[in-house]
Structures are given as structure tokens and as C-alpha cells.
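Two complexes come next, and they have one chain in common, chain A, joined by chain B in the first and chain C in the second.
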Partner chain A sequence: MKSILRQIVALLLLLAPGLSTADAKEFLLGAELPLTGSLARVGNGTLEGITVGVEIFNRHNPSHKVKLVTIDDESSPAKAVAAVEKLASQGVVAITGGYGSNIIGPASDAANKAGLVYMTSGGVGNELTARGLKHFFRTNGSAGYTKAMAGLFTDMGIKSVSIVYSTKEATTELANDVAKAMRARKAKVAMHPFDPTITDFKPIINKVKLQDRSEAIAMVGYENDYVGILRAAKVLRPATVKAVVGVWSLATPKMAADFPDLMPNVYGTAMLPYPAGFRTAEGKEFADSYKRLYRKEPDYLGQFGYVQAQILCEAIKRADAKGTLAKGGLADEVRRTRLNTLIGQVAFDKNGDNPLFQQRMGQHQNGRIIIVWPKESATGKMNYPAVPW
Partner chain B sequence: MRVRVLIPLLVIVLYGVVPFALAGNNYVMSILVAALIIAGVALAWALLGNLGGMVSFGHAAFFGVGSYISAIVTMKLGVPVFAAMLLGGAGAAVAAVAVLPALRLSGPYFALAVLAYAHIFKILATEFTTITGGAGGILGIPTLPRVLGYDFGSKVGGYLVIVTIVLLFALVYARIRNSYYGYALRAMHDSEDATRVVGVHSTLLKALMLFLSAFMTGVVGAFNAHCINFLEPDYAFSSGWTMLPVVAAIFGGYRTLTGPLVGAVVVYTVDQLVFKSLIPSGHQIIFGVLLGVMILFAPDGLIPLLAKKLQWVRQPRGCRDPRTESVC
Partner chain C sequence: MTALILQSLYSGLLSGGSYALIALGLALVFGTMKIINLAHGEMVLLSAYMAYVMENRLAVNPLLATPLALVVACLIAVVVYFLVSRISRNRELNSLILTFGIGIILTNAALIIWSADIHSTSAPGFQEPVVLGPLYSMRSELGFFVASMVLVAALWWWLSRSWYGRAVRAVSSNRDAAKLMGINPHRTEVVSFVVAGILASVAGVAIYSTGVIQPALGASLTTKAFIITVLAGIGSIPGVLVGAVLIGVVEALTVTLYSSAIQELTGMALFLLVLFVLPNGLFGAARRRG
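Then we have the complex of A and B:
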């Protein structure tokens, strides 16, 4: 008899985890991202962070299970719209992802029409939030990048800057905002727009060297643009320049590894130092989970993806507890978010933007990325004046 | 006789069955709309090839010009969307005037020249920042309007518009192909000099086909702009707007009237609905292999292959060459 009881107890113990999972409420969370095509690298990086965010949420909330449904938008606007519509037909409660204003714009329009919350960290253009869509949210607008770049220049005491920027929407807006901020600080600003298709930056750098004679070069573009500008600067060596500063996709381990001759002393926006170091328990759990799942150090894309997923999962849980999830209450719940996250404070305004977002600046130093601005987040001293050549 | 039965049946299916059967499935409808956009460009490309005898690698130019003109005149001048789409087509036809010098070329030289024109138009769209928004593009392009209480901005509404556009273009193509001009154009394929001797103004006819093809592509591009509500030069003038329709036309059978249409619908819908379900990332590889097999074993395309298999098409006299019999 005792042995039968023991067997029943053992069986119940074995089934217990399964029972608790079966009891958990399941919610489908859609992820529409560019996993192939020209934006594949950022799409996959963001997805890794989103996956980590969902995994950590499920671990901490056994009564709620968020299941991620991912669709590759192939870096195409039409396929992004189709992906959103497919996710809507599959019954997702919200959509996370998207990269590039050209894709986020139509995809978030489609999500808004379907009454689904759309959360992104991949588009900083002001036009996205100017639409005033009820269901659109983003964690990082261009204002946070402007504050970081202009703040770094101010701390350096820069009196003249040449802004070399791509004529894409997001980069033009950011370049103009940085110029405005620097002029307000009485700095001399020279603007150098360039077509996104150009590869030879020597004429522009020659102007910086001979005409502007600026103390700093501000680069507002994308990876290939930075490489082109830095190569030209390395050839022409403008003598007055004391610092070369860029924005996104620059202060990354990949750039340090791929272009070891171009990156030393270059600055870029970075939420994380490299190797990644976290002081908070949440940060350490994120880094541990990330390394366990992907066997590599987390980068900024993963960090943004994680925060997107975290905000949505928490809002889903709150809306479910209030019984408003099925009644379209998720957007209101996301709008009530007040979180101190791995990318800083997050709270959304009426247009879905996060006005509290502020980037940090990192500097490439000996193959590492050191956070040098703001002072309270710094992980080391900045090398200044210092240039890659 | 069979054609007389098939065409009304097709119209009933396209207008009566598809919208009702798929009205609740926005995903499939959006895939279908995207496929029909490619079908429209594929048809225009095939028209230029079959009737004008010109192989173009630059239809993205006409697609982009049509989409930008339609977007700009609706947003800046307040022109109604449907009228703007026609203006987009007209603008693309006008832009084709710039391509006229390339008519002196033939074969790969013409193809490459048109490709260069496409790049020029893309640069113009990037540089005319005050009109086009430059590389930043235009967001918030008006969607298709509500007419007599019916919302053409809905998925079904958009489908009805693009299916009508494509069928009208197919009708125009068929009419021209069966007219005296069509015979003259096809005769030019064999010997342009010979047709000139008998009084055919070959350059004029080729130019007219170029304008018509550009107009058709421009209207489809304009429709796409009002569907996606966003434009930027990289997207509007993307080489994908040339390559995918070319692949679709060749897959379906570019020498036939229905080949480009069926090819585009099959290529896009099967790739997105079937292959993407099987391999979510990298599904294009299946289609690539399939296309290779198709070109090797059935170079005339899907429609002639099916026609042969099912013996739907009666072979007229004189059509002995298997590569050309479908256009006889």
C-alpha cells in the first residue's frame, strides 16, 4: 500500500510542473522583424533581445506564459504589412519589432488599423510619432541621441564642429537637431549632407580640413558611411580635429572586430560597455540569459529588444489582471508604463514616444568600448584629444 | 469557344468569389494585392518585350516615377487619388520620352541603357528634396478613397482596384496584339528592315509601345504608393520592381498574354504562403531551384507547359516552332 502511495506521490510530483504550465494563461506576442535582406543584422540582433525578454518574463511569471510568434519581413514594407496582418489573424495581443522608418511606418499603420499595439526601437524619425497613432510606441526617439552627442561635445569644450550626415530622414533630423543644440551653445557648425549612395568621402573631409578647420567631426549615418568617412579622414588627416563622434551602430563589438585600424578613439552611442558589464540584478540576469541562449556577449540591439519585450509583457499581465486585454485596453496599459529599464527611464507621451530616453556615449579603446558620457554612467576615462589616425 | 467560357468564369471568380471568400483574411488579401502589383508590372514588361521587341531592365524607373507623381499631386495639390494614379501613369509615359534615344539600341544594350535611366530617376528623386522629401522619403501618402460609401482603402477595396487595373491592361494588350499594329510589331521581330520596306513606321510603333508600357507600370506604381502610404527613392526605384516581374513573366511564359499574370500570382503567393511557412527565413531558395528547373525543362514557361499538357490550345497552321507557337 505504501509503495502504491509512494508511486502516486511520485507521479504527481512528476506531473506538477506540467500542470502548472497547463494552468498558465497563454498570450501570443507577435514579432515582425527583418531577419533576411539588407536589415537582417539589426533584425536578428533585436530578435535575440526580445526572445531573452520573453524567456525571463515567463520564468518570473509562472501564471502567465507569453509565446513569441516571429515573422521575417524580409526588409520589405509590403511584406512587413503582410506579416502584421498574418500576426493579427493568428490572434497575437501585440506586435514588437520593426526596423527602419520605411518599414515601421506602413507596418505600424496596419497594426493600428487592426487595433494592435506596435512597439519598436528601430525608428527614430519624428514623422513616426507625429502621426499620433493610438497603438504606436517606441522606446527611443532622436532627442535622446541629440542630448548625448551635444552633451559629449559640451563636456569636451568643443567650439567648432563639422556635421557630416546622410540625407535619409532620421539622419537629417538628428543632424539638424545636433546643429541647433551646438549653435545654442555658441559653437561654430558646418553642415555636410551626403547622398546615402556615395562611398568616397574625401571631398567632404577635405572641406573639413581646409575650409571648416573644426575641432570635431560629427558623423550621422550608418555603418558603411562611418567606414567611408573614417577611411577618408585617415588618408587626409585633418590636423585641427580632436575627436570623431558618430551615433548608432558604431560603438559596437562588431565594428571593433571588423575595423580595428579605423575604430580606435572613435565615439558612438552605446548603452553598454564591451565586454558588457551590468551592475543591477536585472542587468546581470539579462546578460546571463543572453549568454546562455546565444553563447556571446549581449549588444545594444539585444538590450533594446529585451526592453521592448519587457514593457509589452508587463503591460499584457497588468491588462489581463484588470480584464481589459480583450477590450483593447493594452494600449492604455502600455501608456501607463513607468519603468527604469536597461536603457534608462521609459514613459510614453500621447504620441507613443519616450521623452525620457537618453543615450550614452561610448569610445573605442584597445578593442573595448568604454562608456564615457554621461559621467554618472561612465565606466572609464575618455581619451581626448584623440583620433583614429 | 473555351475562351468565351473561361473569361466570364474568371471574371466571376475574381470579382464574385475571391473578395467574399477571403474578405476576413487580411493577410492573404495583402499577399494577393502584392502579387497583382507584380503581375501588372510583369504584363507591362512583357508587352514591351513581345510587341516592342525590347527587353527592359529598368521598369523600376517608370514604377518609381508613377508612384512619386501620384503621391506628390495628392499631398501637395489635393488631386483625388484615382485621378492622381492616372497622372502617375501619364508622368511615367512622359518620363519614357527621356528613354527614346535608347530606342536606337537593341538587345542587351537597350536593357542596360534603361537600367541606367532607372538609376538617373532615382538620383533625381533623391536630390529634388523640396518636392520628393529626398532620401528621407514621404510618409502619410493618402490611401485609396471611399467612393459612394464603399471604402477602397480596405483590403478588399484595394484588391478590386488592382484586379480591375490588371484586367484592363490585359484587355488593352490583347486588343493591340490582335490589331494590324500588333501584326506589324510582331513582324518587326523577324525583320525590322523588311517591315520598313512595306511602310511600317517601326520607330514610332516601338516608341508607342514604350509609352504604353511605361504608363501601365506608372499606374501600378501609383497604386502601390497609395497602398503602402510611404515612399523613398531606394524603395520606389528598387531593382526588385524590375527583377521580380521579369522572373514572374518568364516563369509564367512571357510570350503569352496570361503567362506574366499567372506567373506573378503563382510566384508570389506560393513563395509567401507555402514556402515561407516551410522555411520562415531563406525560403527563396526553394523558389530559386524551382525557377532553375522550370527554365531548363520548360523554357516557354508555365502557361505554355500547361496548355501543351492539357491540350487546351489548338495549334494554328504555320506554328511549328515550339518557342513561338503560343504567340501565334
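Then we have the complex of A and C:
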């Protein structure tokens, strides 16, 4: 009798997962990201957020199960195209991910040809949306960053700025947009493009110090560039500089923890202060899930990844309910999105851009990140004039 | 303008010193065994990660990680040599492919173990400015420039004056004749690789102490080291220093006089120009014909 009971229990246990998911429709969601190579850090950070987004969606929607299929594009445009084609052949309903405008461009072209929605937060280049692809969407464009940087400079009353920027596509475009915005405000602008491989920034910062004599340094690059620029500035100490401002990957808890000597008073774009203050139930759930999965505080990459996954999962569910998913209706459904997300309002225009995207500026102060711009979102006062040295 | 150019020359000189430190190990193995170790940059990188581990886990000065870095780099060097020595045909070409593969494995190992995050020392003192009149540098840059000079001199002395150095040159010149003279070619080649590992370990600790490391860095270090080795002329250790400083200075002057956007391009243009005028590099001996 005991053995029969044991067999029945074993059979039930065996069938239980099948029973629970038997009613759930499964959808494959492709993720193409740089998990190795020069962009591995940002690619992995974004994937963490996407994974959390999918996990939370599945938890809230037992009738729909989204399964993530991830392919590493190795930070290479050619491999990104191959990844998209492979994902398409595996039957994914949409693709999310991508980092770097030069990689996202060809990858999203391939997705568009395959009739698949491509959703990203990793490419701010204007040419991405200028193509007017039906299936391309992004949550954040260059304009949101330009507005934040130029807005901060205007509030500071900056009259001259030296823009030190990487010659990569997205950074060049953003630097040019900031320069244009600052010139329109009658500020003097000096441009200093740098090769992404350089490590010694002293010759550039010396030009800022002796030739430009600017009031502010604007850095448009990536983490390793910021460290190099700040170290050079700390050595040369340009006397006229009153503020050092960067963009993404700078006002983060990781930079505060890893480079405590370099970060004080430095500004960067930040959606949240640190320690992170998630006030909404959604934000708290995201933070809890993130910490449970990765045993660390969520950062901005995780937030963007989460939001792009959230938008896609919701749109997949809606398109499925309408029966349009298999007929190419997902792009229309994504276009109908009107969401207040962790990165602010999201709605897409006809080119797939999110014109509502608005960055905030944070400042490193005593190991914390204080939101200082715009005034309505500020969590503290900015230290100005103040430099890291 | 004078102040800008002076600073440029100074920065270029210091950068050249650090380039030389990275290139020495590759130049030694290339010069003595005609093996282009494309995993050399990764050996340097792993040494840098040892400095990171020591500082991060044990909270010690990264310089104290040098012995650990030395052990790791030398172990990898011996493994690379062991694998290369198994190649029986077309060793020059096949070792290139083999070491390239080892480099990829080491890069991905670093990615798995330490993630893709950037790391650099936060130890006090390394980034403090040193001001010599109108010239500015970090304390660590100056320190490692001096270390680079010392290592170039030591390596040159070892190759030209020590018994093992002479043995390395003898094996490089004629393996069979060296064998007849009682030299064990295998042991001599292992010694070459181990010395390259020692040089890589110092370079790794230097890179971690002055700059930023991440898993993808290894390939670019190998490329820079290879360019300098070829520019110097195969087998020339002083040539490595001259070539490295030349590249460093040209790059820095390009930034000051024009734009940093083309500094790598200028370095490559100089490399091609030198090879066009001097096909054996700056200090390479002309190959015997016939």
C-alpha cells in the first residue's frame, strides 16, 4: 500500500509542473547583447534588468510564460546580425537588447527584415530612429541626455565648456548635440575628440587648462574614459574649471564605491539617487527581485533593461489577446504603449523613439548620489563650484 | 604652446616607458624563439588582476601582489611553452594560432571570474601628482617608467652577459649547434618563457596601478606590444625602448598639435613608415641572404 501511495505521489510530483504550465502560453523573447568583448560590462548589466523584467512578468501573468533566449553578440556588429538571424530562426516573437549605436543599427535592420520588433535602450544615436523602421523601438534617445547636460550647465551659469568625447558614434553625436545646445546659449565651446583606446588624457586636459581655460569639462565616454580624464585632471588641476560633468555610467553606486578619490562632486546622468529610493510598489518589487537574483543593488543599466523587457512582455500579452501576434501586430501594440515606468514616461513616436524621455543629473556627494537637476526631481542641493581635486 | 609641447613630450616619454614594459616579454620570446606569443597581453592582464585580487580581498598595496602575479604569469608562460613545444610542423605559424586561442580562453576566464567591470587601484599615493617645473605626472607613472628602464637594462645584461642569456641566443641562432655545445634547448626555451612571464607580471601590476583594467584589454596590449617589437627590430631589447618611446611621443604630440582622435592612426603611420624605410625595424640586423 505504502509503495502504491509513494508511486502516486511521485507521479503527481512529476506531472505537477506540467499541469501548472499546461495552460500557460509560452513565448520566446530573444535577447541579443554584448556579453563579452569591450561592451561586456554594459551588456551584462542590461541583461540582468531584462531577466528581472521577464521574471516579474511571468510571476504576475501565470497564463503567459515568456522565455528568454540570449545570444552574445561579442560587441561586434557582424555577430549581432548573425545573432538576430539565429534568434529569428528559433522562432522568437521579438528581440530586446543591443548596446552601441553602431551595433544596434545593423542588428535592428536584420530584425526589421525578419519582421521582428527590436527594442533597445542601449543606442542613443539619432540615425537609428531617422531610418523610420516599422519594427524598431528605443526607450531613450540622445535628446534626453543633451537636455539634461545643457540644462545643468545653464542652471550653473556656465559660459565656456570643453567637451572631451570618445570618437565612437553615439558619443560623438551626443557631444555635437551638447555643443550645439551650449552654443545656442551663447557659451564658448571647445571640442576634444579622443580615440577610444587611449589611456593617457594629460595632453588633452593640458589643452583645456592652458588653451581653453573653460569653466566646465563635459565628458562623453564610458567608465574607463572617465577614470582616465579625472585622473589627468587631478594631476593637472585646471584652475578655471568649476564643474566636471559626464553622462551615462558615471553617477552610479559602483563608481562611488570603486573610485572614492575621483568621484566627489562629479556629475553624471542618473535616474535615481543612491542609496536607491524606489518609492513605487513596482520599483520596490524590481529592486527586491534584482537583489534576490544578483545579490547587489540595481543600477541604471538594470533599470533600462527591466523597462524594455516590461514594455515588450506587456505588448506581447496584449497582441496575443487580440490575436494579432502571429500576424505582425506586435509593432502596432508596442506603438500603443503609454507607460509610466522606472525611467519615466514611455510612449513611442512613428519612428520608434520615445520623445518623453528625460534624463536627470546626479552628483557624487560623500559617497552618495544626489539628484540635482531638474529642480522638480532634485533630492538635494548641488555643490557648485566644486571639483574632485 | 611651449608648455603644451613640453608636457606632451614628457607624457609621451612616460607612456613609452609603460609600452616598453608591456612589449619586453613579447620581444624576448619573439626575438629568441621566433614565436609570436599572442597570449602575452592576457598574461599581463592576469597579472594585473592578481594585483586587483590582492588589493580587493586582502586590502594590501597592489605592489605587494608582484610575487603572486609572478607565479601566475610564469605558470601560464610554462603552460604556453609546453603547448607550443608540442607543435612539430610549421611552428612559427601554428604557434600564432595556438597562442591566439589561448588568449581567447584567458580573456573569457577573466570575464567569468571577475566579470566585465572595470577595475583600478584606489590605494592612496599612486595617483598623487608629481610636478617637475612645468611637467606633471602621476607618481605611479614615474615609478613604473624607472622600473621599465631598469628592466630593459637588466634584460639586455642578462641576454648579453649571463650564461643563460648566451644560451638563449645560441639556441635562437642555431638549435643543433647549441645542442652540440651542451645546451639543453628545451630548458633554455622554458627559461625564455619564464623571463617573459616575469616581465609580464611587472607590466600587469604597473597597468593596474596606473590605469584601468577590464577583460577585453589583453588583445589591445598584445597588439601594442607586437607593433613595438616589430618596430624595434626582432631581437633588439634597447630597440624596444626606443620604439616604445617614439610611439608614445608621436601619439602625445598628435594630441597636442592636432587631435587625439587620430593618435592611434599616427602611431600606425609611423610604424608603417619605419618598416618602409627600414624593413628590419629600427635596430634589427639585416637577414643574411643565401
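A few remarks follow.
As a working rule, the second predicted complex is superposed on the first by the 369 of 389 C-alpha atoms of A that agree within 3 Å, B and C clash if a C-alpha of one lies under 4 Å from a C-alpha of the other, contacts with A are read in each partner's own complex, and residues count from 1 in each chain.
By definition in this document, a contact is a pair of C-beta atoms (placed from the backbone, for glycine too) under 8 Å apart; a residue touches a chain by one contact, two chains touch by 3 or more.
Note that the coordinates shown come from a computational prediction; the quantities given were computed from them, not determined experimentally.
When the two complexes are overlaid on their common chain A, residue A:167 makes contact with chain B and with chain C alike. Shared-chain residue A:291: touches no atom of chain B or chain C.
By the touch criterion defined above, A:78 lies against chain B but remains apart from chain C after alignment on the C-alpha atoms of chain A. Of the two partner chains placed around the shared chain by superposition, chain B and chain C are both touched by A:195.
When the two complexes are overlaid on their common chain A, residue A:368 makes contact with neither chain B nor chain C. When the two complexes are overlaid on their common chain A, residue A:109 makes contact with chain B while staying clear of chain C.
Within the superposed three-chain model, A:88 lies in touch with chain B and out of touch with chain C [touch as defined at top].
Once the two complexes are laid over each other on the shared chain, residue contacts for A:65 go to neither chain B nor chain C. Contact with chain C, but none with chain B, is seen for A:203 once the two complexes are overlaid on the shared chain.
Residues 35-36, 167, 195, 197 of chain A contact both chain B in one complex and chain C in the other. On the side of chain A, the complex with chain B involves touching residues 35-36, 70-72, 76-79, 81-82, 85-86, 88-89, 101-102, 105-106, 109, 114, 125, 127-128, 131, 166-170, 172-173, 195-197. Put simply, chain C touches chain A in their complex at residues 3-4, 7-8, 11, 14-15, 107-108, 111, 115-120, 122, 124, 127, 129, 136-138, 211-212, 214-216, 220, 251-252, 255-256, 259-265. Listed in rising order, the residues of chain B touching chain A in the complex are 25-27, 29-31, 34, 37, 123, 126-127, 129, 133-137, 139-140, 155, 224, 227-230, 232, 234-235, 240, 272, 276, 280-282.
The touching residues of chain A, counted against chain C in their complex, run 35-38, 40-41, 43-44, 75, 167, 192-195, 197-200, 202-204, 206-207, 210-211, 223-224, 227-228, 231, 234-237, 254, 258-261.
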